[in-house]
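This report refers to the structure that appears directly beneath it.
Chain IDs A, B, C and D follow the sequence of writing; residue 1 opens each chain.
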């Protein structure tokens, strides 16, 4: 169930350039399930910034009632968020949306998780849950540059992990799609989250296999009421059928919606 | 000279119902002179609340580069201000305006300082400076009720101090003007700060003697540029002459402006 | 809760608080968060004759104390709204105000006739002021004669009272309101969004795909209050006020200005529980301010 | 600083940043805080034929991300402005834009003729849009024909180029701008304030003594950007843009929208050093965004 709660900051640190890792504690955690869901954060009490910010859940710890997010502090809202200290509270609405369908892959099969930049975080909880299920996981994670790389160690502990950078300052130089090809990675199901051009390339190259993509769109409500975040469906004779990224997604099967 | 500075909170506490005492440290203090001047505070970085808040200087400590204010946390801005913790910073513009003219009273003469509610704080620095000059001071300080009384001890150390409350829960019951009359207080010069009805009554009853009043008005700029805070002058044949509370005041001689 | 009861043409409201059109869908999402029967009314999303997908995304952008939207009246078409959404809403004890949109008079008439027959639709709200639809629509909201003509046409076919939603993007809101009153409207709702725009500092281009969007949220509240203050003194039909309401004090300010009930739009996105929260706070706040009944607040600024 | 130079009719600006009229007085107060010669220009406070005291207080109220003002054009009258304020300003190396107000065409003509003869007045800004003056003034800002008539009359007597300041309180800002361009205006400045109101929750009455006031500040920026975007594509005279500017990025957004220079109003009250701060940040920010000259930004949103 979707809840709204003032959750308490238990940990907050910078883990790469402009990138922060934030752990919050509260009852709302017990509602979290599928990896790939997100929360909607209000970073101040006042009216500026007015809207909530959607951020993916990166790790869930049900026992401690804690969850972790990783976000890029860039605009007005995320910069304010980055100033929160331990014991401060953050207004959280969530969990929202439908995450990655871990039922769509069997124990013993192989999953390839492909992340780009700030799309990497939700794949961590996904990888953990897949590994717990007995799925063999591999990761290809793309970043702009060495200074932007994060979570490498955490992913490496769960499965083979290839890091790519656009500028070649770390790991493989080039796009994640090239890395997948060059390393001749085999998989049963692919899960991905990252910038739209990356998702489009993955869909073009690997759309014939089971492929699940997590999308981003500007949001108003985050719960399906305002129609800010709609996209066209893949098969749409009338042009009026749609899916909402916030409540039907953010994860869709490749081909389900038009990227 | 007027300066703008991010000053550091060194002390901040609640001293009566809704009333907070805030001490800030910074270079700007060295510009402070006359008691009765004020500062203009921006309580958040963002646009809500947008405008600065005018608050009187209540104590100045040049050595420690600290000054103290006392304010009532009621509206959006002052409530946010009340949440500032030690070592937080506050954006201060000041010192602003012209304070009480301590040159207008001689050593050995008697001053009566009359304050009402949140108009009491600036009289503390005034009293100290008058005492330091060798003026004998007396205070009549009016509050709504016992729970609203503050600074009694500080004033008592400087001179005779009568506290009045509207509801009689503490000290003399009634208006400050009645207390002055009932106690038959004699003085050479009167200085006052408080609600306009109180200032009007003082002007009516004591305007024939040297009397200086500190006014309040809604402000925009606080430095004399926007004409938000003007008042008519006492003697004004054309109807167009004016004084600005922020830069010509906030302290005026009785009769100088229309209350 | 007798102190919150407000009666308006077609609407017997248990309290004067309702979500604004387009900010609450058809209620399904919020129904998972709280019982919709708590609401005074629900202004449902605009319905048009045919299904509409609306504008390309991005459809929203944030501004200082506000937001821009250019949804473009996405909706499944009046038939589906009636058969599926309105029927679903019947399970709640809440009168519905149906927002009606179109690009020509015939469209409005078609939708109004259909939708006003639904059991739980107790009033229509003519959306003559949606700034995000290119084809003609905007003229209804800026030219008094055309607005009046539309009002008359819809009044003729509607089974329920007709409220007309005013656009703030006009020089003289009072003239507009009077023309609509004379044309037979039962009430007014105001204000819709101001037309605004935001540019991306990196690309230089509009953030919203539609380029311009409707500005809503706390930023526009002073404009809404001013317009309601002026219009409420010039007409004899009631006003449902909206524009930037976030708190119980905002609601009271709208009533003071001259509104008889108040709708909450953008604030639902910020705090999805805002409507029931305000409804719960209202009696206490009214008492604090010395009122025995919410209607005592109405028009207090000029009465 | 060559990269900030902008040339407009009558105005050779060392940079495109200037304080907006009414938000900077005649510069005396700010001159104590920094050297006014740093500014691209100064739009001085409105001058009228006779001295004016203006409206009763309270004259300002705060709103979400904005403020309302109803100063009421307080000024010492054009004679005194010319003899005392403008002469004092001559010590600075800064061209002055003189804001001209009145309630009838003759008033404007009188003031324009006088003030345009001052050595340092390089352009006039016709304030046809002040929402706080009851007698007629507002009509100039909402009826294109009247605005055009006024423009023509002032053009005839003015020694310097004439800019006309547009009111956002209209349904069609483009029609207004075109009428004024055809009447011979050399440039436009926009936007003036939106009309707004705030009520006191305890008394129920307007906070501002004049009841309504002009809404300014960040809240109105999206409206300003939208209007400048539309008008700049419809006219061939330059625009000085304003409305909610607080930061260097806001300035760039106004240039992208189609403004050729940018004025800062309300933000001076929040941060009295805002103008020189923006001027200092502008070259670095332009470089970061890949521009060699500030004029490359102008109209980028639609070019």
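Basically, a contact is a pair of C-beta atoms (placed from the backbone, for glycine too) under 8 Å apart; a residue touches a chain by one contact, two chains touch by 3 or more.
All values derive from a computational prediction rather than experimental measurement.
More inter-chain C-beta contacts link the pair A-C than the other of A-C and A-D. With chains reduced to the mean position of their C-alpha atoms, the one farthest from chain D is A. Chain geometry summary: the mean Cα position of chain B and that of chain D are 36 Å apart.
Inter-chain centre distance (chain A to chain D, centres taken as mean C-alpha positions): 46 Å. Each chain gets a centre from the mean of its Cα atoms; for chain A and chain B, those two points are 55 Å apart. Residues of chain C in contact with at least two other chains: 63-66, 218-219. Shared contact sites, meaning residues of chain B that touch two or more other chains, fall at 47-49. In terms of which chains touch, the assembly is arranged so that all chains touch all other chains.
Those residues of chain C that touch chain A in the complex are listed here as 22-25, 28-30, 32-33, 45, 51-54, 57-67, 69, 71, 74, 76, 217-219, 246, 266, 268-273. Of all residues in chain D, those touching chain C in their complex are 63-66, 68, 142, 169-172, 194-199, 201-202, 204-206, 211-212, 215, 218-223, 225-226, 229, 244, 249, 252-253, 256-257, 289, 297, 300-301.
Put simply, chain D touches chain A in their complex at residues 64-65, 218.
By the touch criterion given at the top, residues 1-2, 4, 42, 47-52, 93, 217-232, 238-240, 242, 247 of chain B touch chain D in their complex.
Contacts from chain B toward chain A in the complex involve residues 44, 46-49.
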